[in-house]
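Got some structures for you, see below.
Below are two complexes that have chain A in common, paired first with chain B and then with chain C.
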Partner chain A sequence: MTAAPASSVQWPELLGNSLIALEPLEGTSGRLRFRAADAERVFRAVHDAGFHHLTLVGGIDWVDHREVIYTLWSDERKSYLFLSTDLPADHPSIATATKVWPSANWHEREAWEMVDIHFDGHPDLRHLLMPDGYEFHPLLRSFKLHEPEDLEVKVRHV
Partner chain B sequence: MAGDAAVPFVEIEALRSREFIPAAKEALSSMIAEQGQSKLIRPVFNWAGRNSLFPLHWGLACCAIEFAAAFGARWDAERFGVVPRSSPRQCDLMIVNGTVTWKVAHKLITLYEQMPEPKWVIAMGNCATGGGPFRTAYSVVPGVDKLVPVDVYIAGCPPRPEAMLDGILRLEDLIRLRKE
Partner chain C sequence: MSEMWINMGPQHPMTHGLWNLRVRIDGELILDVDPEMGYLHRGIEKISEDRHYNEVVTLMDRTCYVAGMAWEHLYILGAEKALHITPPERAEYIRTMSEEFQRIASHIMWYAAFVQDLGLMSPFLYGMRDRDLLLDLFQSYTGARMTYEYMRVGGVRNDLPHGFSDRARKVLDWLMERFKEYDQLCMGSDIFRRRCDGLGVLSAQDCIDFGVTGPMLRSAGVARDLRKDRPYSVYGRVDFDVARATTADVTGRYLVRMEEMRQSVRILRQVLDWLDRNPGPVMAENLPRWLGAPYAPIGREGYLLKREYPKGVGFAAIEEPHGEAAVYVVNEGGEHPYRVKFRSPVYVNLSAARKYLVGYHVADIPPIMGSVDVCVGESDR
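Now for the complex of A and B:
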């Protein structure tokens, strides 16, 4: 079966009012902005539309809010799709994608560690690149580069 | 052999191999009787130690490539008796060749503690010396001397193999002067 190209997926019908916007993006089937509260339903629907491969989960700190981006690839449609959603900066939490795409596991750990986004229901949300007990989320814009000596005092794990 | 007193002269080359050890033993014990133990034994140990430094084979970052080159055919650090070993139990020298992150810091300390005494540390490259280009980064230890005592620092990013050999020779000078 040759599936139709991704642009032919009827996202509004598939996702209903979980869909906020579908922005065309060259070379992909677009960037799909969805409501964070409906994350699990959106993940499942997108997965069942043929996007079985999760390439990347990334977090962005926009100061007034955070954004999570999922990059997906469909082997059948030979096409990328970007999912993105906005989270409030004071309580940035979203359902985990690991139940749909197990490969989200380490990506979500990294996004949590670097820009402090909580993934509810994640099986193992602990540090990935930094040592256990590291107290900062270093890719937040509010993180100041410390003098090395400060950092040494604050990292108490050795 | 260091020391001011005259050393009993043994015609080493004239000895047959099975006669060597008894002759050396006799020469040593007569010297110990004359000069006391530590003054004599220490230089012997230092001489042996500095001519057979066994560094830990532990590449951390880009400097490890220069470390490898120094042991290749072109620079051949083994002619100084420096042979990298794969287990810390067999090593007396740790060459920290690369960027030490906080994540790997306690492994570095574990490896250092596993090495038998006496042991030395060379910080190779700017990263190990003071954090290098990543000094203010959130993940990098600003100098490995925050974790273990360092004897010789080698500057460079990365240091050339010649610089590494120079660092090893300087460490040998340090060992020559060791008192206890």
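Now for the complex of A and C:
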């Protein structure tokens, strides 16, 4: 038995004005852009629509703002759904998803230490991959590994 | 009794890599655990932002050093979607073949290490002996035994050598016989069963809540396998069954992995037959030099031939030997990915450690963690 594809879910009705847009994304049932302020409501609605498995939470630094992506999997529909929201760069903060998907715990800890996104209400927001007290956020674009000209000379000059 | 925290790791034989399991105990009883990760963090996501698309493949071999092909496959699928490139059919078959060989090699490595954790030395030697045959096969068509750097955006680096499929079939026949011996050694052993039955139970609901995937999830009775549910490459065109168990314990995970190896052999036989019958190109045509040209040295002038690709994001997910692995590649035009985000199955399986360790005894930790199949390289990235 195959359940209805995820695109048949009436997201606008379900999410109301929390939904900004539903964009197509190859190989998935789409990318749902939502308002960060309504995060908790959106998480709950998406979970109740059958997306019980959280695959990943990731942060992207777009310099002028940050983006958080959530990838979800539905066993009934056999498809992935993306959630995405933009946060201001000066105060990137969003409600935690751990209350809805407990597996978000480590993903959010990583996004916090790597891309400096604060998850409100997270039960245990401390360093995971980086040592305690590490002051940088390595996956920000402002964190440089090396200067390109050094690389030219040391590595790529074949 | 007084409670205390003990550190199992980062140099404990149970860890199979560098990580630290902090355990709060009361006597022998586990009250709480807190895995500490990051000892093997190499910043692969960050380094990827500074590399050309094909150069990231080098990092993928090091991400999970026992399942390099699976990670190469994952990344390449994501990168191709982000760059809007379609590989030729034969390349897809070769990738599928590589991933399945890698799955068997990874599961045999798991078997060898796991059974050794239980104190049985000889299965370890048998496992390593048989895995070597698979590494020989990898060496014969990639030139390397562990860090293959074989897949490319748009295809694979080179075609299979002459006589490869016959050699491969011989290895598969040999392995099918050996799997019977593995089973006799373990499932036929009363000591093994007493050590493993009913340990580390994680129910199906907990697996889903905590994102646990792979053999751990399938041992709890959930038949989720991305090769079946969302076929990528050519998995939609081969016959196989999803291995499953119902006990949700260490023995269940053992049975699932053993059955998965047999199913992989089944897939491989079909794929090898197809490869014998269908010669063809293994690289997409009309790629810019920095992406294509399989034999061209990656030289300086190669990089100067830039071609702007339309922007895009690529998402790919595969059933890696440890579970569901996913990648999100952001292409903002230009030669480097703007952002690469990986989902490591081991990372998530470990994050649920509290669920399957609390309530058992300290001596149960090596079998339970062994059954999780920890690869710290991929969990820390």
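Throughout what follows, the second predicted complex is superposed on the first by the 141 of 158 C-alpha atoms of A that agree within 3 Å, B and C clash if a C-alpha of one lies under 4 Å from a C-alpha of the other, contacts with A are read in each partner's own complex, and residues count from 1 in each chain.
Here is the rule we go by: a residue touches a chain if its C-beta (ideal position, glycine included) is under 8 Å from a C-beta of that chain, and two chains touch if they have at least 3 such contacts.
Model, not experiment: these values are computed from the prediction.
Trainee: Taking the superposition on A as described, I'd like to know which of chain B and chain C A:118 touches: first, second, both or neither.
Mentor: Touch partners of A:118: none, neither chain B nor chain C.
Trainee: Figure out whether A:25 sits in contact with chain B (first) or chain C (second), or with both, or with neither.
Mentor: In the superposition, A:25 contacts chain C only.
Trainee: Which partner does A:131 reach: the first (chain B), the second (chain C), both, or neither?
Mentor: both
Trainee: Would you check which partner chain A:145 touches, where first means chain B only, second means chain C only, and both and neither mean what they say?
Mentor: both
Trainee: Quick one: classify A:99 as touching chain B (first), chain C (second), both or neither.
Mentor: In the superposed model, A:99 contacts neither chain B nor chain C.
Trainee: By residue count, is chain A touched more by chain B or by chain C?
Mentor: Of chain B and chain C, more residues of chain A lie in contact with C.
Trainee: Classify the contacts of A:35 with the two partner chains as first (chain B alone), second (chain C alone), both, or neither.
Mentor: neither
Trainee: Taking the two structures together, which residues of chain A meet both chain B and chain C?
Mentor: In chain A, residues 129-131, 138, 143, 145-146, 151, 157-158 are touched by chain B and also by chain C.
Trainee: Which chain A residues qualify as touching chain C in the complex?
Mentor: Checking each residue of chain A against chain C gives 25-28, 52-56, 58, 60-61, 69, 71, 73, 75, 78-80, 82, 101-103, 105-107, 114, 127-131, 138-139, 143, 145-146, 151, 156-158.
Trainee: List the residues on chain A that touch chain B in their complex, please.
Mentor: 129-131, 134, 136, 138, 143, 145-149, 151-152, 155, 157-158
Trainee: Mind pulling up the chain C residues that touch chain A in the complex?
Mentor: Chain C reaches chain A through residues 37-38, 41, 43, 45-47, 50, 81, 208-213, 222, 224, 229-230, 297-300, 303, 313-317, 324, 326, 328, 330, 338-339, 341, 343, 347-348, 351-352, 380-381.
Trainee: Can you list the chain B residues touching chain A in their complex?
Mentor: Touching chain A: residues 102-103, 105-106, 109, 131, 135-139, 141-143, 146-147 of chain B.
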